Amino acid sequence: MQKLKVAILGATGAVGQRFIQLLEDHPWFQVAEVIGSSRSAGKRYGDAAHWVLDDNPPARINDMIVGALDDRIKSPLVFSALPKEAARLRELELAEAGHVVCTNASANRMLADVPLLLPEVNAEHVDLIGLQRKGRGWSSGALVANSNCTVMPVVMALKPLLKYGIRKLHLVSEQAVSGAGYPGVSSMDMIDNIIPYVPGDEDKMESESRKMLGSFTGDSIVNLTSIVSATCTRVPVLDGHLVNISLELDARPSLSDIIDDWETYQADSPVPDLPSAPDYPLQYLQQIDRPQPRRDRQAGAGMMTSIGRLRECPVLGYKFAALSHNTVRGAAGCSILNAELLAVKGYIEGFALAESVVALSK
Amino acid sequence: MQKLKVAILGATGAVGQRFIQLLEDHPWFQVAEVIGSSRSAGKRYGDAAHWVLDDNPPARINDMIVGALDDRIKSPLVFSALPKEAARLRELELAEAGHVVCTNASANRMLADVPLLLPEVNAEHVDLIGLQRKGRGWSSGALVANSNCTVMPVVMALKPLLKYGIRKLHLVSEQAVSGAGYPGVSSMDMIDNIIPYVPGDEDKMESESRKMLGSFTGDSIVNLTSIVSATCTRVPVLDGHLVNISLELDARPSLSDIIDDWETYQADSPVPDLPSAPDYPLQYLQQIDRPQPRRDRQAGAGMMTSIGRLRECPVLGYKFAALSHNTVRGAAGCSILNAELLAVKGYIEGFALAESVVALSK
Amino acid sequence: MQKLKVAILGATGAVGQRFIQLLEDHPWFQVAEVIGSSRSAGKRYGDAAHWVLDDNPPARINDMIVGALDDRIKSPLVFSALPKEAARLRELELAEAGHVVCTNASANRMLADVPLLLPEVNAEHVDLIGLQRKGRGWSSGALVANSNCTVMPVVMALKPLLKYGIRKLHLVSEQAVSGAGYPGVSSMDMIDNIIPYVPGDEDKMESESRKMLGSFTGDSIVNLTSIVSATCTRVPVLDGHLVNISLELDARPSLSDIIDDWETYQADSPVPDLPSAPDYPLQYLQQIDRPQPRRDRQAGAGMMTSIGRLRECPVLGYKFAALSHNTVRGAAGCSILNAELLAVKGYIEGFALAESVVALSK
Amino acid sequence: MQKLKVAILGATGAVGQRFIQLLEDHPWFQVAEVIGSSRSAGKRYGDAAHWVLDDNPPARINDMIVGALDDRIKSPLVFSALPKEAARLRELELAEAGHVVCTNASANRMLADVPLLLPEVNAEHVDLIGLQRKGRGWSSGALVANSNCTVMPVVMALKPLLKYGIRKLHLVSEQAVSGAGYPGVSSMDMIDNIIPYVPGDEDKMESESRKMLGSFTGDSIVNLTSIVSATCTRVPVLDGHLVNISLELDARPSLSDIIDDWETYQADSPVPDLPSAPDYPLQYLQQIDRPQPRRDRQAGAGMMTSIGRLRECPVLGYKFAALSHNTVRGAAGCSILNAELLAVKGYIEGFALAESVVALSK
């Protein structure tokens, strides 16, 4: 099988690097273009990028020349790790030009015709692309977004509980520094300290979770109507966002019912067979002091959400903690999984996958 | 003025050290006895104690010989930083023997006749001592406790809001490691990590806050009836507990009303004149990213509570963050302030303070 | 091939856990017995051990019952992660009883007939076992030690430079907290701090490095005669010891000669074919700000030593920094590699390995 | 006494903030002008500065309007916390215009006629100002620098040992993040990590220490001729640089001689009477695990250097560890102390200090 060529926008930044790391040895996709800012364009990737992940960039990528943002992109599939303002128009232009764009940027997430996709939660939202193409007059192009990195563990944990009717949701996050990109949070702000505020994230927690857990009617996404209150804080942790979740339900399931819902949850086929999908997207940890960012963020190669401490909440009924890796599951890894779903669903022109390929890819 | 001699139980531990540090140069009290475990008894304090605070112990204290827990105590005033089990009986014995005992241990906090005292919040609870003495047949002795270190910023922040009627309270803490004592939390658990559970603290948050904010009828403390839900987590911060507080009130004060309540709040005389009391126990910080543990824990020499981020909570009505220094305001500093109140109120036999002394002591 | 059964002494501690983690899926060895202290003996491993590594223990191990230290051991191969005092006699008893013991404990390291083995550095020291068995009257048993975790990156980096004649060696370490075991260093000592002293390690740096780099004459190990000065400090890092090394040589190789020596260094066969050995044990990093503990400790699955910043030292001639993972290469991983060498060299009775097995095992 | 008005250049940066903090309540000097970059100029200080120290800026300073770098300065005394390139010409211009400039910037430190002043070490260098004024044709202006923050604990500790003849000096630093300014080191580089390289500091350690410990002949500074080798590393500590120092001396003093030299060291009058000078600039700590950055950086209000672990070095003869607060003693505090010396020595025109004022100021 010929791998599909992909371009990475914002390839020298922290999330761009994570795309490169996760796509190395990907069974279907291959990085063919790395696109950076005007400061990086024209340089060897190895010279332009200050690699902030562990180890070093793959040698093959190091020798690639960084392209400029307004260069013509050749790859049919584009992953965007652009800053918000740079993303807004460029992503739409590329989709109009026929590219399938999977973006981690927040700029276009809340557009009514852009799926805010998390395959284990709302794979059916992918079909919004049909309306998107029709409405915008696009043929082969598409724009699909993934959510804010802190929303991810919340919607993953809530998906199996939707059937109980979620009335109210109270969220307090403890977020890792990598969520702010590089250089992001100064060490002078973070040593021996907490910052009780993360710009923009509280609003995103409230709006994006309602869109992602909403239902696709065939015409549009109907948002979940739950009342959501979010508080976002930053803690001295490298990777892994932990969210303390309290919620009020219409029904009164037992705690063991809920744990069972989580442990058995799987999305419908073909999601669990996608190369980047863990077999089960959720794990419930019995130890009373888990999940912990450092010890649990790598579960399922960083793609699982770990849950723990489910117990009664005197105020809202139920409470627990959920954690996922913010730059894998919460950013680059989710974009890649989204692209895998698009590929299987036939949304990437000229890249047909036999069912046998899907089954064997993991 | 002759200073009052005091004994410190558990003097070699982390909270014991904080007592020593805060009592150095105290205008009324002077450390005369340091009491430790059987491992420390008989040694020079400087040899027995592994000093964990900044700098070094005062030279005078270093040269004192550590006494044993069952030694006869000579000082009329006793501060207890004992571990829970060691505290339970010994504190009652000492009170029975005529000592005024101000304890930071949790063992006897919830006894019905023991005031859980925080002078700026419930100075009137001190008069429970009359009933305590009567009921237990004690003459000059008394036992007064201060609360868990995480409860402190909560009750301080809520006291001026009691008038609005607190229906529901939802608390998520981010607690410093010094709250666990020394050696306490292993660095292998804390580097690049959060522990989403603090043994025992969630229950204490719920029960102690209701007792402290309760009213003294003359016969007993009637607990606040608010519904309280607490989640306690541990973060890589040395000192300073931050609590994310959401609450539902009977009334609907404006946000600026509440900020005004906090900024103008003072306890009744003589509390603001006590040597360890800040002029105003609360400060509201306008910056959107405050309070922060490292930057705000020293406010008012560690005795103020800093509040920030007051805003509407879609689920409960109001939310904000509160912070105080857990081993100063939340432990040793509060015990000392309690003792100062007892002294002024005449509960320490033979230690009469002229009003002029009180006024001049700060 | 039937895997060789192994016992782990001190299996519930931090290094014991690393043995378990690294032996999961080992091609030759299989954990059959887990031995702990009297507090753990008789319990399920999953209940007795507070797992401090990432993720969770393997399910199979969790269900094993922890044996007591004086139980009869059945496995022919024993890995010891015992505390020093517990190790001293027990390791000798087990070797006398016929077991091959590979130990990480320091108790018996400096015994004249115990090889202090690091296969890439001194594989020929393994033949000291012949003298050991003869001198002690042991038949199938043997005791082989690995060095202190901070010595490891030093001797690895120096081995290819021995030919230049090492006159003087000046070492300043910055060590991770996991080197002190669990709970080890309190977070109250480590947040926002350095401890400029690590008990015992400076002496070990000086004595163990001379023994390891010494030569085996057939009769005994003749220590290297270089003058060594070591300073050991503890820093807020989880894993990975970095050592700043300055040295004076007899010869005057160029900097690029030395880098070339490092990059091309390989031990003689069969060492590079052992399952836990990296192809090349050393890597030289060109970036001026490397090696860094967090980014480089996992090189070669934690078994490579990373070197950087080679430059002239005005005082001693040459200086550079070396880093390796202290609980993998510096502890459990090295013990396992030692056992692999023993297996191939025929020192483990009844466990014959065809050459084809060795070649294929990696 | 009328306080002398001072201007702070670079007032919104981390070192500028430290100047403001330390000058609040200074007995002789008063901040009258705060100068910032073009981005800050014209704004209220409270709006322009992101305060990174503890607590909040003094209210009086918050309300001052930030001036631009090319504004005419009115204050006779100027403290410069400018970035290197901005400092180079501007500091000379201001001295030429008649201002006494005490700078923390590195740009002009190594100019032959600029004293690199540390009053306890080389107060006599101050008289280089006569040559400076003569050579440059300046009347009342002057330019005096303080050294790099890592050099400070080294020269302080070595000063009392100069009499033994320092042949060789081997330095390995472990530096706090505040040495890099704000935002400086990203938390993504610093959590669970060390960076074994600090740009520029190794050269400064070697050159600045020789100049500072050199002697003033009346015509020029004759540098110390000792051979110096420096390695600089960055660790996850907020404030306080620790340096591991090994040295070879001509003489062979005993360890207790050296400790005695340190403990009794005082600079000649008037230095110990200056308001910012500690009575004794050095303290030797007997505990084997000190000095530690967090516990010892505040000694002497951040102006003392703490030394510990003196012992024999097999390679060079002696070794020990020294620590001082890098933004107090190592930056703003030293500049202020320099200015105090200039004031007493009569180098600040129109600011005459009676001897009684000096004696009473501390």
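First chain written, first letter: the chains are A, B, C and D, and each begins at residue 1.
Note that a contact is a pair of C-beta atoms (placed from the backbone, for glycine too) under 8 Å apart; a residue touches a chain by one contact, two chains touch by 3 or more.
Source: prediction; values computed, not measured.
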{"item": "Centroid comparison with chain D (C-alpha atoms), farthest chain", "value": "A"}
{"item": "Chain centre separation (chain B, chain D; CA means) in Å", "value": "40"}
{"item": "Chain A-chain D separation of Cα centroids, rounded to whole Å", "value": "48"}
{"item": "Distance from chain B to chain A - Cα centre to Cα centre, in angstrom", "value": "44"}
{"item": "Two or more partner chains touched - positions in chain D", "value": "191-192, 236-238, 294-295"}
{"item": "Touch-based graph of the chains, sorted into line, ring, star, complete or other", "value": "complete"}
{"item": "In the complex, chain C residues that touch chain A", "value": "53-56, 191-192, 238, 294-296, 298-299"}
{"item": "Residues of chain D touching chain A in the complex", "value": "14, 52, 177-178, 182-192, 236-238"}
{"item": "Contacting residues of chain D [partner chain C, same complex]", "value": "168-170, 172, 174, 191-197, 206, 227-229, 231, 233, 235-238, 242, 244, 246, 288-295, 308-309, 313-316, 319, 321"}
